[in-house]
Amino acid sequence: MKVPDKFDKFIYTLIIANVIAMILESHASIRAVYQDYFYVFELISIIIFSFEYFYRIVVGFKSAGIKGASKYIFSTFGLIDLISILPFYLNQFIKIDGRFVRILRLFRLTRIFKLGRDSASLKLFVQALSAVRNELKFTLFLSILTILFSASAIYFLENEAQPEKFSSITESIWWATVSLATVGYGDVYPITVGGKAFAAIISLVGIGIVAIPTGIISASFVEEIIAAKRRKER
Amino acid sequence: MKVPDKFDKFIYTLIIANVIAMILESHASIRAVYQDYFYVFELISIIIFSFEYFYRIVVGFKSAGIKGASKYIFSTFGLIDLISILPFYLNQFIKIDGRFVRILRLFRLTRIFKLGRDSASLKLFVQALSAVRNELKFTLFLSILTILFSASAIYFLENEAQPEKFSSITESIWWATVSLATVGYGDVYPITVGGKAFAAIISLVGIGIVAIPTGIISASFVEEIIAAKRRKER
Amino acid sequence: MKVPDKFDKFIYTLIIANVIAMILESHASIRAVYQDYFYVFELISIIIFSFEYFYRIVVGFKSAGIKGASKYIFSTFGLIDLISILPFYLNQFIKIDGRFVRILRLFRLTRIFKLGRDSASLKLFVQALSAVRNELKFTLFLSILTILFSASAIYFLENEAQPEKFSSITESIWWATVSLATVGYGDVYPITVGGKAFAAIISLVGIGIVAIPTGIISASFVEEIIAAKRRKER
Amino acid sequence: MKVPDKFDKFIYTLIIANVIAMILESHASIRAVYQDYFYVFELISIIIFSFEYFYRIVVGFKSAGIKGASKYIFSTFGLIDLISILPFYLNQFIKIDGRFVRILRLFRLTRIFKLGRDSASLKLFVQALSAVRNELKFTLFLSILTILFSASAIYFLENEAQPEKFSSITESIWWATVSLATVGYGDVYPITVGGKAFAAIISLVGIGIVAIPTGIISASFVEEIIAAKRRKER
C-alpha cells in the first residue's frame, strides 16, 4: 500500500505555504496585524502534519507490519516529520522557557528539506555522496582539525594584541571558520606581524583543505551522472 | 536564406558601441556635456535594432514560412532582441513612472549576451549545461533550500540581539546569500554565541552545497570538450 | 612487534583530552579557577607522551634494530611526537623568554594531526597528493609568484594614496594573500583608480591561479577513489 | 648552440636577489639607510640582464640565423626580458614624469615569471591550457559580460541611494568584480531592496560563471597529468 500522489502534492503545497507564512510572520509590521491568522494557520498545519505522520506509520504497518512502520519512523524523513511537529506539543503540555521555544521552532524548518524527496536527481546525489562516504568523513575531519589548529595558533599569536576579539580558542574558532570558508566578514582579523604571517600561510593551505569535500562531492556527482547515462545508453 | 555575415558584424559593433555609450553616459560629468549626443545615438541604435528585429523575422519567414518566423521570435536571442527594444517604444507611447523606466532600461543590457552568439564554444557549453540539466535544477533547488533554511535559523538566533540587521527572514536572506556565496561584505554577521555557532557550521556545509552547481558545470564542460576532441580524432 | 591497539586508543583519547584542556584553559575565567589542575594535567600528559615516544622507538628497535628505530624517529609522526614534547623540557632546563614559550606551546597542537593516522582514506589521500606531487609544487610556486607580483604592483599603485596600509611590499603581501584567497576581510583594499583596475584584473586571473592546487587535489583524490573501487571490483 | 646551465642558474639567482632587494627597498626605514646600495645593485643587475638579453639573441642567431634570433625576441620570455630592462634605459635618456616611472618599474616584476621556465610541469600546464584554449576564451568572455551586466544593473539600482559609491558604471565594475570573485571587501555593497535582491541572485549565478574558467583549467590539468602518466606506463 502506498501513500496516494494527490496526498503527497497536498502536503508539499502545505509545506511551501508554511514556509511563506513563517517568512511573512517574521516581518514585525505584518505580524502586528495578522498574528491571530498565523496562529490559526499554524494550528491547522500541525493537525494536518500530525495526521500525515500517523497516516504514514499506518501505511507502513499495513504494507509490512511493525517492520514497515518502524522503517518509516526511523527513516530520515520520518525523523524530520516527527521533529517538525513534536515541539508544538511539548510547548502545549510542558512549561518551556521562551528562549527554548524559539530554538524548537527552528525544527519546523526541517520540513523544507522534504520538498526534494521525489527527485530522481536526489537518488543520484545520495549515491554520489555514499560512493565517497569515507573520503568525505576523512576530509571533513581534516577540515575540523585544520580549523581547530588555526584557531589555537591565532589565539596564541593575537590574544595579547586583541584580547577582546581573540579572547579564547573557542572565540577564535569563529575567525578560523569564517576565514577558511573564505567568507571573511571583516569583524575579526589578525593585526600582529606573526598573526598575519600565520593567517596568510594557513589561508593558502587551509582553504584548499576546507574546499576539498566540495570538490569531491561535485566530481563524484558528475561521475554518477555519466555512469547513469551510460547505463541508459546500453 | 541566411542573414549576411557583414550585417551580423555591423550589429555586433553597434552593440559594443551601445555598451560603451551606456558606460560613458553613466558618468555625471560626461552626461552633463554630451547628453543630446547620447540621446541621438540611442535613437539611431533603436531604429537599427528594430530594423534588425523585423529583418530577422522576414529572413525566418522566407526560409520556412510562419514556422521559420516564429522559430526566431521565440528563440532566446529573439526574445532578447525584443526585450531590448520594447521598453523604448513603451516609454514613447505610454506615460511610465520614472522609476519603472530606469528598470526597463536595464533590459537594453541583455543585448550584451548576443555577442557570444556565434561561438563554437557556446554550442559546447549549452550541450554541457543540457547534459546535467536535471542535476543542475536539483542542486540549485538545494541551494535555495539551504539559503532559506539558513536565513530562517539566523533570524531566530540573531533577531533579538540585532533587531535592525536581522529584522525579518526576508532581510536575513541577504545575509544567508552573501555568506553562503562566500562574498561576506561584512555589513551583517552574527554576534551571539548561538548565531556564530550556527553560522560556522552552516558555512562548512552550506558553502559546499551552494558551490556544487559550479563544480558540476565545470566538470560537465570538460567532459564535453574531451568528447568533442575524441569525435574529431576519429 | 607492534604497538598494541589498546595503547593507541588510550593515546588518542589523551590527545583529544589535551586539545579540550587547551581550549578550556584559553578562557580567562576558567583558567583563573583551575590553573593548577591544568598544570598537573599537562605534566601527566607530557610524561605519558614522553613514555609513548620512547616506547615507539623501542618497538621500532625490537622489530628491525637501529633501522627500525630511526625509521620511526624520522617519520612524519615521529617528528610530530618529538616536537610536541620537546618544548616542555626546553622550558624546564633553559631560561626561555616568555614570548618564545608561547610560540613553542603551539607545537603541542601538531599532536591533533596524529588523530587521522589510521584512516584508510588518509592512505588514499596521500596517494592522491603524491600522484600530482610535481604539479602541486608547480602550482603552489605559481601561486606564490602571483602573490608576490600582486603585492609589489599594488604597493607601487597604492603606496602614495594609502602610505599607512600599503607601507611596504611585505605589508602588501597581506593584502594580496587575503584577496587572492578570496577572504577579503576589508581591512585593506585599493582606493585609487589604478589600484582598483589592477586589483579587478588580478582578481579574475590570480584567484584562478591560487585555486588550481585545490582543484588538482580534489580531482586527483576522486581519481584515486575510483581506481581503488575498480581494484576492489576485480 | 645552447645557453649553458650555469649561466641560467646565475640569472635565476640574480632574479631572486632582485625581488628580495625590491621588497627590502619598499620599506621606508631600510630605504632611508641603504638607498645608494640599492641603486648600485639595480645598475649592476640591469647591465647583467642587458648582457643576458643580447647573449640570448646571439645564441639564437648562431643556432638558426635571423630566424633563431627573432624566435627568441618574439617569444614570451624574450618579451619579458625586454620589458624588464627597457624602462631603465628610457628613464635615462628621456625625461619621464615621476608617476610614469613608477608604473614602468612595475615591469621589472615580470622577471619573476621567468623562474618557472624550466619546470616540466609548466609544459604540462601550458598543454592543459592550450587544450581548452577556446573554451577558456569563451568563459572569460562570459565572465566579462557578466561583470559588465552586473555593474550596469547595480548602477541603475543603487546610484540614487548611494551616489558616492555607485557614481558610474565604471565605478560599479569594481563592486561587480569584487563580488563575483567572492572577495567582498565590504567597501561597497547594495543597500536598497532592489539592489540586494539583484546582488543575491547574481551572486548565485554570476559567481558560478566567473568560477568556471578555474574549474576548466584544473580539470584539464588533471586530464593532462593522467594522460602523461599513461604514456609513461606504456
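In this document, chain identifiers A, B, C and D correspond to the written order of the chains, with residue numbering beginning at 1 in each.
Everything that follows uses one rule, which is that a contact is a pair of C-beta atoms (placed from the backbone, for glycine too) under 8 Å apart; a residue touches a chain by one contact, two chains touch by 3 or more.
This structure is a prediction, so every number in the text was calculated from the model and none was measured.
Peer 1: Where each step is a move between two chains that touch, what is the least number of such steps from chain A to chain D?
Peer 2: Shortest path length, in steps: 1.
Peer 1: Determine which of the two chain pairs, B-C or A-B, is joined by the larger number of C-beta pairs in contact.
Peer 2: Pair with the higher count of C-beta contacts: A-B.
Peer 1: When chain B touches chain D, do the two copies use mostly the same residue numbers, with over half shared, or different ones?
Peer 2: At the contact between chain B and chain D, which are copies of one sequence, the residues are largely different (under half shared).
Peer 1: Comparing each of A-D, B-C or C-D with A-C, which pair has over half of its contact pairs in common by residue number?
Peer 2: Checked against A-C: the matching pair is C-D.
Peer 1: How big is the rotation relating chain C to chain D when the fit is done on Cα atoms? Please round to the nearest 5 degrees.
Peer 2: 90
Peer 1: Going by average Cα coordinates, which chain is farthest removed from chain D?
Peer 2: Checked the centroid distances; the maximum from chain D is A.
Peer 1: Counting only Cα atoms for the centres, state how far chain A is from chain B in Å.
Peer 2: 29
Peer 1: What is the distance, in whole Å, between the centres of chain B and chain C, each centre taken as the mean of its C-alpha atoms?
Peer 2: So the centre of chain B lies 41 Å away from the centre of chain C.
Peer 1: What parts of chain A, by residue number, touch at least two of the other chains?
Peer 2: As it turns out, chain A has residues touching two or more other chains at 182-186, 214-215, 218-219.
Peer 1: Write out the stretch or stretches of chain A touching chain C in their complex.
Peer 2: Chain A reaches chain C through residues 131-132, 134-135, 137-139, 141-142, 145, 148-149, 152-153, 155-156, 159, 167-170, 172, 179, 182-186, 189, 194, 196, 199-200, 203-204, 207-208, 211-212, 214-216, 218-220, 223.
Peer 1: In the complex formed with chain C, which residues of chain B make contact?
Peer 2: 182, 184-186
Peer 1: How about chain D: which of its residues touch chain C in the complex?
Peer 2: Result: residues 19, 22-23, 26-28, 102-103, 105-106, 109-110, 112-113, 115-116, 119-122, 124-125, 140, 143, 173-174, 177-178, 181-187, 210, 213-215, 217-219, 221-222, 225-226, 229 of chain D touch chain C.
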